[in-house]
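Chain lettering (A, B, C and D) follows the sequence in which the chains are written, and residue indices restart at 1 in each chain.
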Amino acid sequence: MRAFVLRGNGEVGIMEKAVPEPGPNDAVVRTTAAMVCTTDVHTKRGAMTVAPDVTLGHEAVGVVHALGEAVDGLDVGQRVAVSGVTPCFECETCQRGFTSQCGGVILGAARFTTRGDGNMAEYFLVGHARANLAPIPDDLSDHQALYATDMLSTGFVAAEHAGLDFGETVAVFAQGAVGLSATIGCRLRGAGLIIAVESLPPRQELARRFGADVIVDHTRCDPVARILELTDGQGVDAAIEALGSRRTWEATFRVTKPGGRISNVGYHGEDPEPLEIPLEPFGYGMSDKQVYAGLNRGGRDWLNRIFRLMRTGKVDPTPMTTHEFGFDDIVKAFWMMEFKEDGIIKPLIHFG
Amino acid sequence: MRAFVLRGNGEVGIMEKAVPEPGPNDAVVRTTAAMVCTTDVHTKRGAMTVAPDVTLGHEAVGVVHALGEAVDGLDVGQRVAVSGVTPCFECETCQRGFTSQCGGVILGAARFTTRGDGNMAEYFLVGHARANLAPIPDDLSDHQALYATDMLSTGFVAAEHAGLDFGETVAVFAQGAVGLSATIGCRLRGAGLIIAVESLPPRQELARRFGADVIVDHTRCDPVARILELTDGQGVDAAIEALGSRRTWEATFRVTKPGGRISNVGYHGEDPEPLEIPLEPFGYGMSDKQVYAGLNRGGRDWLNRIFRLMRTGKVDPTPMTTHEFGFDDIVKAFWMMEFKEDGIIKPLIHFG
Amino acid sequence: MRAFVLRGNGEVGIMEKAVPEPGPNDAVVRTTAAMVCTTDVHTKRGAMTVAPDVTLGHEAVGVVHALGEAVDGLDVGQRVAVSGVTPCFECETCQRGFTSQCGGVILGAARFTTRGDGNMAEYFLVGHARANLAPIPDDLSDHQALYATDMLSTGFVAAEHAGLDFGETVAVFAQGAVGLSATIGCRLRGAGLIIAVESLPPRQELARRFGADVIVDHTRCDPVARILELTDGQGVDAAIEALGSRRTWEATFRVTKPGGRISNVGYHGEDPEPLEIPLEPFGYGMSDKQVYAGLNRGGRDWLNRIFRLMRTGKVDPTPMTTHEFGFDDIVKAFWMMEFKEDGIIKPLIHFG
Amino acid sequence: MRAFVLRGNGEVGIMEKAVPEPGPNDAVVRTTAAMVCTTDVHTKRGAMTVAPDVTLGHEAVGVVHALGEAVDGLDVGQRVAVSGVTPCFECETCQRGFTSQCGGVILGAARFTTRGDGNMAEYFLVGHARANLAPIPDDLSDHQALYATDMLSTGFVAAEHAGLDFGETVAVFAQGAVGLSATIGCRLRGAGLIIAVESLPPRQELARRFGADVIVDHTRCDPVARILELTDGQGVDAAIEALGSRRTWEATFRVTKPGGRISNVGYHGEDPEPLEIPLEPFGYGMSDKQVYAGLNRGGRDWLNRIFRLMRTGKVDPTPMTTHEFGFDDIVKAFWMMEFKEDGIIKPLIHFG
């Protein structure tokens, strides 16, 4: 089978690998569609140490090709989606609900690429298959289901950690695919005023379509001052960091009310310096502000719930897909994501 | 001034009363619009003991007429809304967050009519004015603001107590004005499948418009069987009782999954018998099911948040208003509510 | 091997069975100690339908005898405890946190006896072994560890569902082993006043020792009136039902404040009539009272946390053990539990 | 009357002031006992801008001397305690539960000294008296009640924000009076292992007495390494910062598990640099770690609940009092607190 890999020399490309064999609790999925994620770009740039020739990718759907002997409740041939993180659900950390940190290891459930091959290949292996394979309902396309594996699941977790109550105010920093998903998530949690910070017009337009009430273009104004102005000087009840930048991180503290929640889903691994919290807006440690450092939680229940929102028409994330490619052109798709060419947000990769 | 009262003989009518005088922490509001609530009908029918010639009503908006000497932050002449419950926010019970039960007394914050005059009068008194008067923003009509005082605030509390997570399933029993508001609330909290139980076509139509995905007409099928069928035999994650009937109360236990939440906002005071919980669907007391007996929480923050949802266009409850009257015709409006004439849902009463 | 079974004719006794063989994710444990639970007595009396000659029991500890091929992280020969409920942790219901209701089935994780053999035998089978086997630390005895499998885990869940904040008041109805454990749990959650309802002097004494501040003997006074008096007429913040009686269930509503929490862990399957909620103390459905119908949650993380409380000396439940027997005398132990002979609370059964 | 003030020249001393007069919702209390807080020392050192000749102090109890005309439910002559923060409970921020940030202003409820006179004077004024005056039960001494006003209330809030479940592990950094109170709070919330970081033997001894299982002396070992070792390399479930130092703040991230909670109650205003979060233990923003920046919440319900814990003997904080003075010697008491002379922890000041 063919796999899209990161070679030891730091270059990406397609190479031939053996189709994986399932262990007792595993499944092997024949891939039908996948999407490239900015995290793949981070990986290529060395954000984490990975094995040479590791397969990239963690957003894929397909058809069950083979099942381990101890996996019940699933059938070969079934269409399935798998989350970008695949917790065991059995260890102490998973039993406490922190499934992203499976095994008590930071980002422990982020297995694809990080702890073995990713899933941008013609076939891929999934551990803890009973817990992680979600059959795709007939009324959902592969394209829709793909969004549940990472973008919506991460964006919705961001909204969840923002702890929104009916009618509260929220600012979402950056409207890439995760930020846009967070905007959808905030709308679904009943936010009263959703402020999206973004400078690129196509993303601004999607943000509005997905539920943002106001767009703040940080290239044209001071976003902190503008958000305070939009909230009569009070600040927002919650702020979401969906970019992974030190400036937006610090801004979340400056735009939130006392008692505000800061929900981070941006990856802050590019810059080696510690993150900084500005003292005054943090009330010198006594502001009742709360910070949550979050990640997609994974698992088939979470996928099913996101599927349901798409099935009843409450969410349609597919307008985020700006480009489509065959697997043969995946290097080009990756390159476009790396350099954000042609206004790309998410590229859909068709297999076979 | 004129007030709409319940006389000692059980009849309703208009009578002349003195304009109230504010104590130090009170306000007097000149009423501009009000709505009749089914609770007023319950009161007329003797659901609770009230003073003779008490003024009815607890859904009203108006203009500040007079302020007590200790009330700051408000101005005479300002347009204001007041919730149907008016907690003190200062007693131990309020400090614990159970503001509806102000003073540690069941329904203690339900002061209008129950503990003094209601607000279906040309002027009305509001205690704890700083905590309970919410200025109405210029971009909201009195008509819209009125819905925040009771219907939306109660319906949203119902949705909140249903503890909905992204994409969960919920059944709302009855689509009167509170049930319809609960349906809106469930949509705002990100429910994935909203099942509304209702037989009257105009209410069914509003339910769809407000977010119900499926309507179950309990006069044409067994609603419990139908809801189980709609959820592949699993049951819903949450059920809301918005009617106050023993049959729907029991149904909430039968249609919920293990781990399901039952959120009650129906008033069960018409039938003197205890409420019954069917044993098997309750898991003999071990089903992880949870029950919340709820009521509107009151207060200006809650009003402000509901206002925000209307201001940004996320909620428009005014289609629930089926009829309009002048204050002179309030007896007729009340009579129509009592007998549910002409498909009435909510009647809007204009003052002066 | 020998097993303590419930024969088809309703009699209990010891019979010979084959030592179980583990499937890929199972473990077989050689039993070293066990305890009889009142639930076993309920089962004998027909509370649930079980297979003929089923092994009774769900409170046991032992030594790993054999492991399925897919079970890692455990070793043959290791001392282990297993909770009375053994969730899979992988299904949607477990992923939502309702592990007691594994598979979306009421009490679905209550597998011992109900869905196969129990563990009052010389060897027993445990499914989902990775998630359910907790190694017993060297500094804990089998005797101590046994209490974590059911009594403390259920009693602590009861305290958790009571939602206690610092210094709140709570009434615990009945001080059998679960009620006593709930009393310990309330103390550990920072309750300010713990009222235990119990008439038997030895249990009253244990209740005091475990943290009860006041004992109410319901045979000498009206417990509802007494609890209201002890709380200056306000009622308690929370009440725990640890008996499974209609009278105590109803009392929990009468003794709680508006906003109070009712935490049920009693089994209400003996009387076929529905449970009743008295209307007035329930505020006709609007009292902000909350009910949780709970059960032990299971899993090795939960066992580990209870172990930790015993290891640091914060909890010692062993004074609840009133009697000890060898496995040969288990019929006698069971008979004493059935008829509550000789002030029995928990009998400890030694194996081999 | 005499008041202990901070003069414009930065010196402290006693000066004569007029006895305050109550507004409609205020009370004036005649002080009977008070305690000096480290925050008073911060204030003297210029941590916040205060009015010249402002009275210091925010920990005092006394007897009601005069009541505003609109204050009901209280009597002149009653013994009362007042929390160090006095929220209005009526504004939107208080209605949301963030009472420390009253008025939407950071630390807005910290009125004593910061927004007017403090209470280390023979008489002091309390606003929002109905919400903030808690009668002291006859069975509690002034000495005990004083601890509820700030130390226990802040320490317990710290434990609450640590989000402890049964049997979890927690590290408390620094065992001054707030840290010791947090240790008591962790014990009351059912922590399974409480690790206290402290180098001074008398404080270590109190920590043990109040519930710490292990003491880590950071002057004799690397506390991060030691805490990881004590938790088998996993880290603690929660860490409390009760000092206000950059080093301990950073350590809280290094000693917590993925999914861990960091509860800050230390004041970080002495060093003007931003607080730093080390990236790797924060999982680059994706560790499921949570931070809460907390403060005493105030209000009479909170005081009552802490009183209850002392009345039933579950908490006795008075061993923290190392020194006693008459009001005449308050300058000496203050000076000892400033320079931490003679192992001082809390000095009790007797009035009149």
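Basically, a residue touches a chain if its C-beta (ideal position, glycine included) is under 8 Å from a C-beta of that chain, and two chains touch if they have at least 3 such contacts.
Note that the structure is predicted; figures quoted are calculated from it, not measured.
Rotation angle relating subunit A to subunit B: 180°, from a CA superposition, given to the nearest 5. Spacing of subunit A relative to subunit C, judged by their CA centroids, is 41 angstrom. Residues of subunit A in contact with at least two other chains: 96-97, 304. In terms of which chains touch, the assembly is arranged so that all chains touch all other chains. Residues of subunit A touching subunit D in their complex: 93, 96-98, 100-101, 104-108, 234, 241, 244, 249-250, 257-259, 264-269, 272-295.
By the touch criterion given at the top, residues 23-25, 69-70, 88-92, 94-97, 128, 130-131, 299-302, 304 of subunit A touch subunit C in their complex. Taken in their complex, subunit A has these residues touching subunit B: 156, 160, 165-169, 185, 187-190, 192-193, 213, 304-309, 311-312, 314.
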